[in-house]
Amino acid sequence: MIYMATDFGRRGPYVGSLHAVLQRAAPAVPRIDLMHDLPRTDPRRAAFLLERLMPVVECGSVLLAVVDPGVGGPRRPLIASAAGRWLVGPDNGLFEMILRRHAPFRRWEILEQPATTAKTFHGRDLFAPVAARLAVALADGQIPHLPEAVVKVRALQGDEPRPGGDWPDDLAEVIYIDDFSNAMTGLDGKKLDKRARIVIAGKAGGIEYRESFSAAPGGAAFWYVNSLGLVEIAVNRGSAAGRLSLAPGSGFEIDGKDSGR
Amino acid sequence: MIYMATDFGRRGPYVGSLHAVLQRAAPAVPRIDLMHDLPRTDPRRAAFLLERLMPVVECGSVLLAVVDPGVGGPRRPLIASAAGRWLVGPDNGLFEMILRRHAPFRRWEILEQPATTAKTFHGRDLFAPVAARLAVALADGQIPHLPEAVVKVRALQGDEPRPGGDWPDDLAEVIYIDDFSNAMTGLDGKKLDKRARIVIAGKAGGIEYRESFSAAPGGAAFWYVNSLGLVEIAVNRGSAAGRLSLAPGSGFEIDGKDSGR
Amino acid sequence: MIYMATDFGRRGPYVGSLHAVLQRAAPAVPRIDLMHDLPRTDPRRAAFLLERLMPVVECGSVLLAVVDPGVGGPRRPLIASAAGRWLVGPDNGLFEMILRRHAPFRRWEILEQPATTAKTFHGRDLFAPVAARLAVALADGQIPHLPEAVVKVRALQGDEPRPGGDWPDDLAEVIYIDDFSNAMTGLDGKKLDKRARIVIAGKAGGIEYRESFSAAPGGAAFWYVNSLGLVEIAVNRGSAAGRLSLAPGSGFEIDGKDSGR
């Protein structure tokens, strides 16, 4: 199985090209579009969201993820393995939260590159073909020899620095505004005390916890633990992003002695 | 086969999560995304649109539909069968027009719920797993024992009230604005006399019928029977929604003695 | 394999209906969504984009493409074959650049039409069923007898005029604004000298070539050869469409003695 997560958006030929390449190179391997609007050109925020998708990524499968503002530059193309999954994409921190929270992990630099690789679309020309080869090998049961058996790589040592290695374990900022205008944060819902309030600079009062939408008065902002396990700010039957002027990157404070952070 | 229709939108991990769950639980069952922008949080308008998709839903398959503003509240999770299809989703009227127009039908309340069900995403955690089990059983030919053979249910009696049971048979309002800014209504095109005119309050004159776009003068509003069989208001090479200030919920009158309504 | 490219957009039941029809008529044939936002109702601009997707369309497969403003009118429904691919869609020039650049080709007019064909959705009711029958036959190895063996057609002679036959070989205008607000043109990147500058009326100076985004100063407009091989105007970390007021159809001049055009 190959799962895809990118910041390409659904418009244009970009996602379709990934599918076409994967279908040709791995015709028997099912493909899942996890999401294609990861935080755009922002591997850090994307990393916190991507990690939360791990529960739906089946063990023994490949996660092809591309948020790659440095495409064509010196950043490494990467294969990593963690928690029984194979990860393929740019080595810019996009997989950092997966690796950190699902240790032990291993990393390899991809050393080959097709001659026809477009400088601006490594997703199609480099990462997708590698993901396809891994997935085909996994379906064939060649697991002990991966990834060396199917792609030219260099194993990265554990002490080599990782892009994103200095990021915090949780991110007290908005990482994603969803289609309902709710604001997803980079905070783990299990770590935040339910008595904590979220305080946004310039906005009066603090935002309190509610277990669900139906528990919040209509029009009132509240925070809850969303279906990915992240702290999310919402307004029942309204727009949290609009009301509170939230956008990816918006910061906030946590008010509450036992917030667990 | 599993067909999906939701109001999740294409952004975010929501549709992708459905696919991931279905792929894991029913890997051999094909999946079709019918649409993911059903009228948002509006089971009533969605019901009139969803019913019109039945012709492309193959007999013997499962329709997983989620427009579920009451998720986490007391509304029942539902399985229904009608016209040889199995329907899975919230019992909030979303399937009402399918049931009513494709009687006889049967209904069951779903009684089990995985311990890990997120309060805000029954689509992923409750409905998709049930849809997958039904589809797998159908592929295995266990039809006589469904749904009891695969999920804990309680059969609903015919005289138990149905949410939406009091809705009209046709809905004289805009139920959906499509990507071309045409305004789909909840009226069956077969029931409306072609001489009828649609009158929108505050707009001069009445909107007349044209058989197709090419039969309408450029820039003129007209109504026609769309490819789903619904009355639709359009402007040839223009925006009906913009020109006529139409949005989901906009009402109108029918002018015409023999409108058949 | 069936590849789809349309201007339907992702909203509404239109793309989903194509999939449903294809799944029913050709259940064993994989489907790829190449893109569904081809230049809307504009077969000419769409033709230049569609041709650039040929490298990802596998030989021996079917390309179902629909940009069809004349649906329901006198334009012919078409099957064509070129470069080992089968093309199905309206005969309005949409395939013109594929045919011209991948000669020799053959063309057939589709003569049958299901009685239930909606006047506004030949994609679902006419083209998809034909594409499915071709793809099933191809999978069965009936290639010598196509398309006559599976659909009632009339072979078009080489000297019959082609819609779009008078279009230029390259189009010096914007054909598509992508999700990153870059402006794709109808110019082949291989034909334009790297010293050429793109001059937009009313904008001072000319836009120079850069090999990639990282080679352009932040905020500066430049042109490059995109991953489809087309000349594209972009602004590093900015919006080319917004900054330069570009939209599909925007024209420009090429400044450069050896521009190769």
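Note that the chains take the letters A, B and C in the order they are written out, and that residue 1 is the start of every chain.
What we mean here is this: a contact is a pair of C-beta atoms (placed from the backbone, for glycine too) under 8 Å apart; a residue touches a chain by one contact, two chains touch by 3 or more.
Keep in mind it's a predicted model, so treat the numbers as computed, not measured.
After Cα superposition, the angle needed to carry subunit A onto subunit C is 120 degrees, rounded to a multiple of 5. By the residue-number overlap criterion, the interface of subunit B with subunit C counts as different, with under half of its numbers used by both chains. The centroid of the Cα atoms in subunit B and the matching centroid in subunit C are 32 Å apart. In subunit A, the positions touching at least two other chains are 10.
Within the complex, the subunit C residues that touch subunit A are 1, 3, 5, 10, 30, 32-35, 37, 49, 52-53, 56-58, 176, 178-180, 211-214, 224, 226-228.
Across the complex, subunit C meets subunit B through its residues 8-17, 19-21, 23-24, 27, 70-73, 118-121, 124-125.
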